[in-house]
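I have a structure here, written as structure tokens, and I will follow up with some questions on it.
Chain naming follows the written order as A, B, C and D, and within any one chain the residues start at number 1.
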């Protein structure tokens, strides 16, 4: 329970960090959509660990095998399934620390929830590794959107790392150019000059056997007005339900988000104008959504990623088997900052969400 | 589409601001639950306009009639339906401004989405008035929780009004005492001394024909560990999908939320200890949730409410029928700040969410 | 749980036989659909008891009040709610027999399922009276189909009463003319001459304080090919889930149904031909569906209605409070044959099902 | 769309007859359930072609690989995925007949539904081969029921082949002994002496390059009263939605089914008695269900399977590419009667349905 999502496009993700494999089934795709496996793999590669100084030294291949749903290079309309075999898993790393609950992780909660039967190796089904099938599903969704709504561009950028902050919610016209690409696509910034200082935060944390978090801003241009619903099926509700499913996300805001709470209505109501026969707003404090429905302006939202809970520093924790206090140093290979791998996941769930609305 | 929510407890809300009535159907309630109609009405009264200086001068009765699902004072297990007749609606107020899109409202987006057939009077189905059936549903859910999980306390407080801010995320033990009640339940504050300055913000905005927003913090004590699911059915995903359905909400965070992005893992990982034979965390930066599942600590989350978009000040907007620019002053009775009426709604959706998980 | 159905069009029915009222909420309707309240009421009247010799002498008004979702005579796109107040309910009739389980009814099973808290008066939520909101929902669905698929005709006929049988599955072209109307719309027969002998069965049963059942055939002409899905969302699966929700239905077949099991493939495979540039089948043993998807031929299905379980004859039963054997004569007003009131319900669920597929 | 089912236990099936593989994902399983892979494989073998005179000469291995959800031999509570690789597929068989629509098959309807993009080889996703993942899912569900409701026995028997009929709905006590096993489990009969004459029907059809159908009766003993819901989530509605998803099923009845329509209420109302402190019915014409909810008697239902549409005899059909009439002889290996392979599928969906109700 919990690994299935969708109304018209149903996705089902499966797998554990150290099991046979991970994957996703997508049911409800329109038929006849060209699937470019290189573009799919490109999205998976964006998410995968790259073996550089900023991420875990593991080289994740994340080669996906299509098991069903594609025939002659196009979707058939039947469920599309992708399988990524797990490799390079050293289960031995984890058995020693099985009873030591890693603070900030799901070790304790999953133990209670699944009565100790969960696959505890590497976080099992709760592992960040499960974002790979999510990215796979999102890449398939992007292929659908390419065909049915070619004007839609889904992108994202890093807004902050450990408090080193780029500009938040610039003018909405800026998203039109941002959507065309970033100077460094692997570290997408509004202000590219901030890259070094942000990376220094990550490197400093790594050197201290510690970790840092940050803020990702997702955005969509080219989304027509009138998409979404009131209440429980609003764009905000649907997209937030996906964004909060990404491990490490603890906050989601749309448009000016919490800054709205410090402004008066007259300052943030987004005055409306006719521009070239189209309704626009001068500002975009509502992030492209009113009453749960798109208004034609860029869809903009921010996601708070907490620092990676896996750190090498000694931490105070409990031994659940012995029910006694303990201390823990998490050895092995861990990302000091998940933000640099998570922004493609943010884009993926956005693509899934919009495809579910638009097909 | 959009007005139905739930897995085990399905709720369906209906109605328009100026139609015959508004209401909710709850399907999936356990049988034999005592329903105290006074407690139900009390929750509705908390949300209703009170006719004081801080809210719209309308006196909303919001008397609910139970149409089904209760027999001899207890739930039957069949769908429970509550109907609130609309009264005191002056449709005449709205017809003149039908084509003038109120900035920050759903006027434009619902017009596109429903091709002009939506009931535009007072926002129709998009009106904040639709939170009354949500509060009704939440009040029923509370009755269920009273019986099946009496140790659970659901509460909320005002954290800020227009930037005047109370303490954010105090120590988790504070929530135990906060849950017992506030000095002024109609204006619940951690620091009661802030009430006057916060109210002054509202009054100042009102006097300027303007509006202000604020932050609400919802919290739950007594929730056992192990409730929730990974990914799409996490507590965060489910609760956020409900919170973002409340008109005016533009941000949702759990625990330390965006502050987590400025801290290192070693600072916010919530060290774990055994206390009186129970697992606890020293801090509660994760807001009582790890991996989507409750960890036994207080569930704490923050909700950003934007300033009420209905303001008397002149605004720049469009006339959609004429497709030309226009200006608008919204006359009539409007809340200068929705926060003071929204916190019972935040509690209501929390009750709905937890009931869906726990029955 | 159990009173909500639908993917794109979600319907939620509520109410008890002797409660305040019964009704339905429909969420997901397209906006701008003309709703003719006379046609709606006409469908309700078809189902309602008519006070003639063939049905219960109660005169059910079943006047529906629209609470939401219609504005200026058209759907708004927001949830549409209809409420039918209960009248003419004599609760006193039932209190004496509360502990005597009526054989063939849900008295015993609902007592176990709801732990005795169910509203037992007149069957409560299990009453056939709950088919009134279903017919209301179906009447709304018909209004949608009128606009979006005007070529679709949904109809039904009585195939048999207590074994007096009209022709089963005549040639598919016959359905084209049957769909235009029956000689006696209140007793729709392929062979009108059978009306008297069928009615005699009902009258004879009534005179014996007994009851009879029968078979209803539903059919749809004008349904284009390609509607439906494989497996769990096939037309058969979806429609059967609705048909079996009608109280008293114990069998559902499509096309030649059980007769197919006595024929060879070469006899029933429905040979295909091109006719005027369209693909047709010579016969229609598959009832218009292959692989769960419509093939453009008339959709034809049969529904087995058991004899009304409420009979005046003495029956052997149990007193559940005393847990002892007992005997029971059900007094009061009951239909000796439900078939004559159920065929509009069969049509209603068909309309709901097709609307859910087609919007 | 269409390949996902379930409320609490969500199953998702995928694959095509001649693609890489077929499989199923089950989300919502309770943790800690022992999974005996031999029992799982046994169920798959029951369904698989056995290479004998009664079924297709293909030897289907149907070896399932578990990709996720099992750890140390028990369910983890995370999604459980099984994959069956396709082998022994001769795609060449089908390319020649691609445009010739096989009568009685989904060739035409899937072509329209999926605009020609469906995998047409061997029926693709519509192939009877997709019942293998259904049987896999059912086998997992059986493992759950073994633990949580060990008293439940799910079984089935062949009631008729091409009109050669065994006894229909014997006394309910007979099911207690039938549930313990059949003389020939591969050809389960109430009256074993009928085996030869039934098989002769199949052989005769095969020799004529034709096919026959039949009736399967599924039954469940040991199901406690009070399981199920009214209306759309009744046992009948839920189970029928699954049974009609099995390729070839055209009818589903419960208890005495259509025979009820030829009896009076006094004959079929199932008189109730107290027996050893339990409520029982003397007869079981309602098939163990009243008002959609189990009554504690054996759950009994019948399923009409049409003759296999794939026959060697010449058939009249259309060439869809040329839009002209054509004739077709289906060469290759096909079951002359699907009944002997379908009864394990009937049991599988029953296990899935009950598990969804009972977890």
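Quick notes on this one:
Note that in this section contacts are C-beta pairs under 8 Å (C-beta built on N, C-alpha and C of every residue); 3 or more make two chains touch, one makes a residue touch a chain.
These numbers were taken from a predicted model, which means no experiment stands behind them.
The two copies, chain C and chain D, are related by a rotation of 180°, based on C-alpha atoms and rounded to the nearest 5.
With chains reduced to the mean position of their C-alpha atoms, the one farthest from chain C is A.
Chain geometry summary: the mean Cα position of chain A and that of chain B are 26 Å apart. A separation of 40 Å divides the Cα centre of chain A from that of chain D. A straight line joining the Cα centres of chain B and chain D is 47 Å long. Among the residues of chain A, those touching two or more other chains are numbered 1-4, 13, 78, 113, 125, 230. Chain D contributes residues 1-4, 8, 10, 12-16, 19-23, 25, 27-28, 31-32, 65-69, 71, 74-81, 83, 113-119, 124-125 to its touches with chain A in the complex. Contacts from chain A toward chain B in the complex involve residues 1-5, 13, 101, 103-110, 112-113, 125-126, 130, 160, 162-163, 205, 208, 210-215, 225-234, 236-238, 240-242, 244-245, 247, 249-258, 260-274, 277, 279, 281-282, 285-287, 289-295, 304-311, 313, 315-318, 320, 323-325.
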